[in-house]
Amino acid sequence: MSDVVSHIMKDQIFKLAARGMREDGRAFDRMRPMSIETGIVGPAEGSARVRLGDTDVFVGVKVELGTPFQDRPTDGVLMTGAELRPIAHADFETGPPQPPAVEISRVIDRGIRESQMIDLSKLCITPKEKVYMVFVDIEPLDYFGNIFDAGAAGAVAALRTAKVPAKRHGFGEDFPMPVRAFPASVTFAKIGKHVMVDPTLREELVSDARLTIVTDEKGDVRAMQKGLSGSFSYAEIKECLLLATKLGRDVRALKTG
Amino acid sequence: MSDVVSHIMKDQIFKLAARGMREDGRAFDRMRPMSIETGIVGPAEGSARVRLGDTDVFVGVKVELGTPFQDRPTDGVLMTGAELRPIAHADFETGPPQPPAVEISRVIDRGIRESQMIDLSKLCITPKEKVYMVFVDIEPLDYFGNIFDAGAAGAVAALRTAKVPAKRHGFGEDFPMPVRAFPASVTFAKIGKHVMVDPTLREELVSDARLTIVTDEKGDVRAMQKGLSGSFSYAEIKECLLLATKLGRDVRALKTG
Amino acid sequence: MSDVVSHIMKDQIFKLAARGMREDGRAFDRMRPMSIETGIVGPAEGSARVRLGDTDVFVGVKVELGTPFQDRPTDGVLMTGAELRPIAHADFETGPPQPPAVEISRVIDRGIRESQMIDLSKLCITPKEKVYMVFVDIEPLDYFGNIFDAGAAGAVAALRTAKVPAKRHGFGEDFPMPVRAFPASVTFAKIGKHVMVDPTLREELVSDARLTIVTDEKGDVRAMQKGLSGSFSYAEIKECLLLATKLGRDVRALKTG
Amino acid sequence: MGGGSTDIKLIDEKGIRLDGRRVDQLRPIKIEAGVLKNADGSAYVEWGKNKVLAAVYGPREAHPRHIQDPTRAVVDVIYNMCSFSVEERVRPGPGRRSVEISKVIADAFRNVIFTEQFPRAKIDVYIEILQANAGTRCAGVVAASVALADAGVPMMDLVPACAAGKANNQLILDLGKEEDNVGQADLPTAIVPKTGEIVLLQMDGHLTQDEFDRALQMSMNACMQIYELQKDALRRRYATSANDAPDTEEVRQ
Amino acid sequence: MGGGSTDIKLIDEKGIRLDGRRVDQLRPIKIEAGVLKNADGSAYVEWGKNKVLAAVYGPREAHPRHIQDPTRAVVDVIYNMCSFSVEERVRPGPGRRSVEISKVIADAFRNVIFTEQFPRAKIDVYIEILQANAGTRCAGVVAASVALADAGVPMMDLVPACAAGKANNQLILDLGKEEDNVGQADLPTAIVPKTGEIVLLQMDGHLTQDEFDRALQMSMNACMQIYELQKDALRRRYATSANDAPDTEEVRQ
Amino acid sequence: MGGGSTDIKLIDEKGIRLDGRRVDQLRPIKIEAGVLKNADGSAYVEWGKNKVLAAVYGPREAHPRHIQDPTRAVVDVIYNMCSFSVEERVRPGPGRRSVEISKVIADAFRNVIFTEQFPRAKIDVYIEILQANAGTRCAGVVAASVALADAGVPMMDLVPACAAGKANNQLILDLGKEEDNVGQADLPTAIVPKTGEIVLLQMDGHLTQDEFDRALQMSMNACMQIYELQKDALRRRYATSANDAPDTEEVRQ
């Protein structure tokens, strides 16, 4: 992101925060409106478009054949990738994924993997030799902050509605992606001493620290990632966890169109 | 190519063109002398050296084993590559092929592929599993313009004289490359309002638009590519097509040494 | 290495050399003290740490499965890699190996390969299909000159104490690496008209030419590499060869801890 | 082209194609301008089953400096297929096909944009293929062109594009995926309507000279239809956002 | 995490783990400062079967120029696993895992270092994993922190790090490799002891909210133990090389 | 080397090799200078079945600037094997072997060229192996050297190169492909005839010290023969293009 953030903007956001306010009028504990459409890309095995405020993300799932990892000979393979392509923001550049995009990929991947959302054992064709490889690709089209949650919601929605194209690969009838959990990702930004959920792009630009928490249907913690150079206190993390559980329920409750 | 083209040179070429003339005395509709030698590189399955005026290009064909494309399980594979290596001109650089080299590769490839010059079905060993892969590599050694036609002529000549090294790969006796068409590529440059065939390097440097036309023995069109930022009118393209057919016959009639 | 070598340093080293002396008090024909520890990295099939003066290098051997080269269908594969990573010196940079690191890899590889140290025929599992691949990776941690000899000594020590992990790969019991020779590498620097063995970093920085000689137990020559822009006379090379044989014996006689 | 297998019947006796179109009929096309907020201009095109997004950033200062042209703006196009846009997953990163398409599209626009008004600047055009079904490069040109206008980049004209081709030995307009797979020729074309000049032209397959001539006319005529759709999309865009309409006199004919 | 297979018994009835540790016990840790000569600062950490080396170069002028920050030093971390550090050979070059770890470690240090004292400078931290056995990122943070102090880089405090986790349905401290392979959760944490603030926190696996709470306290407490080992390593270093001790008042509490 | 299999008989009782040569005989060598028009200097060498082209560009301004040396010209060599130059196709792009050969050849020329006459300049030498049959690096040195002279680059001397080696337990000069494949040693050498100094020397295989000594003398002697061929090629070149002969006093002995 831009290194030169206007001091005026920073001042503004800090002053508002000191009064418990945000630029777009939200409370610290409110996410922007999120909408999810699924099944929007024909050739994908699953797809979703998520809008989180002005942030706009496409997610597609493709399922190809491959070989299992040596240490998991009877499991399918899950690969999650996010790119920050220049269409989505003036500061993004072409080329191989940079550390920020890698972090996004890995945190979203971790939420899906650690919640054991996909039953990978059902994606084995021949042990040690042939398994299904599930590629989840996250493509932000308009970047206005918090791609972690928008991307995760899209990945989860795309996977929940995906099919395994067994027929195309010559292995019988298609079947639904073996899904068995419903993780939800909620991200916080710390600006000065204030912690607020679902930061906008401008809030991200001035924030000191970031915390992403993935919870499951039972409210258990499945993945967490502190980001950026700032820090959180033990108390702040506990508060975030409570709120992440509550907001996670809201995300799961969203109707997908 | 050099961004800084001397204005004097540009002026000169434009003024000549306005009088229907070219720097090397050719008429607009005349190609430079072309000569083709084949069989010049022992280890190659086929090879050719083409001189088109001062342009000097080597082409080699190698045939290796590989797996077919999923959607063409019973066809061999054809791969055409051109590099603009720094030996050939002071403006070329080392490194992976840049867009101009990629365009050359793809346009030459298209001419060979779309004329169905090679019967790829004869290059299958085991359907879905093992086929011959034909690599055509184009290496300009001295670049004086119009690598499109010199490279294409070399690729065609090398393929026409190539053998499939079945024995080396352990699949019976060698046999001739299964060739069934004889495409010819003819390229035009538009300089101001004037269209001329087979541009020299200096003409390329000042030209606005480029048009490559590949025709077959019957005079039918097999591939076409407009290049550079300028444009052609409908009438110009029709004229070029007629001339490309005529000159294509001349290229095909060349004796290869 | 740094392009800007202080003239004072250069002067100093040259003046000393003119009097037959070196900065650290050694004679021209003396190596720095070398110590070798082996078996220091658990997960490696073989490992060694070599200290040569202040130069400090780790070498690890890993053995994986792979396919043999087409022209050596019944031989295992040996791959030697050296990287000059930035931890070891302020002038090294991250990224793919540059020419100096490639040269080091290849010269060390050559010494091992050409002395036929490893009996690669004993590393074949199924001819044409499956063989053991031996990866020797050289990681300098503190670079104070002459990584050629420190790396070679480490590679040799790591290989001599390595096992082939047949069991892990499911092919019976582990067995010792089939070692049948004991090569030793000795490197010389030429500074002005003076040739001295085992250059320090500062000596390397001002030296004109480098000569690496690998000999075997019988004192026969197995590999040689002249490096840098300077030259050697026939007489100098003969002298170096005699000394390399003698010092090679000393290197082989070192007790490894 | 697929090599012209004629086993698969793509056109019936009445000249009706598998998807119900006449031989000279376009697939349904929907164009929307100004669909993204970060980009200086943008457009979304649905063309049959193709879904294409274009975004324009610039004119902005070109950097690093050594790419600046002191006499005009540099125009760069990146055409990218999303990994999930086709049946077999596309590996991320630019392959040779994408590099070529990016180049011919950039070439098509470079002389249409009044680049000399922006020395030392750069104009970036990003084309994302979200769903591909034959004809993405033409859809990309159409979208890019509307996105450029939406960004207020001064141009001689909008650039419409369309392909004609051949299948079952008949000339047809705007090949769909099945037609492309087993078809005999494809001729993507982009023109500058004001002058009738051709700025993008590629062809592969097999056409007699006469067929080529008719196919080219067919695609050029279709371009004029698409031109109307482009202008309409911009009109709708300006109507809905009159207050921030960019200064693009050149494109409002 | 391995998915929480409970077939493998990692903890016996008395709460003793396979390697003899109690559930809240650290593996043996050995820290040595100043182990390399070229680097401005360095440290070697043996932590159970992990062997980790960290080196610091800088503060030095940042180049190329365009990466300079006129207000502070740039901090860069490269975490690298040696190809032979684990059972299955690691391919040289940064994979996605290494890129992420490098980033979170750099993030952890950036606000702890007084970077504003060195405008336009760069501080490079290299972490080499010579032998890996679960917990390398925490060992890397611990080593890097001592190496920074050894280099005389002024910091608010040293940064200790440790993971807590869960296996066989019990919370345990500092997971070893077998525990990590079949364990149920892992929570690496790094703190600034002076303030108690958390600067690195990652978690994967499955923890109830209550378990998370206790695990986090467990790892934070362990950090305080490790902090003492870090200080001790520096004390030993200064004792043996009193004459060239760097000016690092901030780290000597 | 191939490991010294002695099953294959490469030399008969009379000391005659498979291709009819004596043990100390070179393959036929043909050198032509000035074969390319764009390059500032060029040479083509046929050496047995090797076909090698070398081109020189420069001295020209080195760019980007940061590679300039204010005291001398930078010399860069790129050795490239055409994909079709050997039986098994070579993948385009520099492999480790090519990188090493490029480096040792550049090293061989750097002190022979009077680089200090061209501060801030760059001299690029491109060596293309069109057909390879053992001995390409020596053929490359020989061609590069003539190309440099053809470009008028001032040098202390021309640099001839040749390999000696061992097969069937006999020392032989200038190994051909079969000899290289099953041979026992290879010793490529390049010298500066004026001084007798050795500027390129590599060896692999197995030689006793005495054999090494004789092999080195053998290759150095052969270098002197090749030197005559190089000078002759330049003489022919100047004869045919006397009017544009470059100012290369140094190479005309």
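Order as written gives the chain letters A, B, C, D, E and F; numbering starts at 1 within each chain.
What we mean here is this: a residue touches a chain if its C-beta (ideal position, glycine included) is under 8 Å from a C-beta of that chain, and two chains touch if they have at least 3 such contacts.
Computed from a prediction, not measured in an experiment: that's the story for all the values here.
S.K.: Any chains in contact with both chain D and chain E?
M.R.: A
S.K.: Any chance you could name the chains that touch chain A and chain F both?
M.R.: none
S.K.: Would you mind checking which chain's C-alpha centre is most distant from the centre of chain A?
M.R.: Between chain A and the rest, the longest centre separation is with F.
S.K.: Which chain's centre, taken as the mean of its Cα atoms, is farthest from the centre of chain E?
M.R.: Using the mean of the C-alpha atoms as each chain's centre, the farthest one from chain E is B.
S.K.: Among the listed pairs C-F, A-D or C-E, choose the one whose interface is a repeat of A-E, with over half of the contact pairs the same by residue number.
M.R.: Over half of the A-E contact pairs recur in C-F.
S.K.: Between chain B and chain F, tell me the centre distance in angstrom, where each centre is the average of that chain's C-alpha atoms.
M.R.: The separation of the two C-alpha centroids amounts to 32 Å.
S.K.: Report, in whole Å, the distance between the mean C-alpha point of chain A and the mean C-alpha point of chain C.
M.R.: 47
S.K.: Which positions in chain B touch two or more other chains at once?
M.R.: In chain B, no residue touches two or more other chains.
S.K.: For chain F, what residues touch not just one other chain but two or more?
M.R.: 88
S.K.: Linking chains that touch, what shape results: line, ring, star, complete or other?
M.R.: ring
S.K.: Just walk me round the ring: chain C, then chain E, then whatever comes after, in order.
M.R.: Following the ring from chain C in the direction of chain E gives C, E, A, D, B, F.
S.K.: Help me check something: in the complex, which residues belonging to chain B touch chain D?
M.R.: 3, 70-71, 99-100, 102-103, 105-106, 110, 113-116, 208, 211, 216, 218-234, 237-238, 241-242, 245
S.K.: In the complex, go through chain F and note every residue touching chain B.
M.R.: Going through chain F, the ones touching chain B are 36-39, 49, 51, 53, 55, 57, 60, 78, 80, 82-89, 92-93, 124, 126, 128, 130-133.
S.K.: Once bound in the complex, which stretches of chain B touch chain F?
M.R.: Those in contact with chain F are residues 41-45, 47, 54, 56, 58, 60-62, 64, 81, 83, 85-90, 94, 96, 135, 137, 139, 141-144, 168.
S.K.: Please output the residues of chain F touching chain C within their complex, sorted ascending.
M.R.: For chain F paired with chain C, touching residues are 1, 3, 69, 88, 96-97, 99-100, 102-104, 107-108, 110-111, 187, 192, 195-209, 212-213, 216-217, 220.
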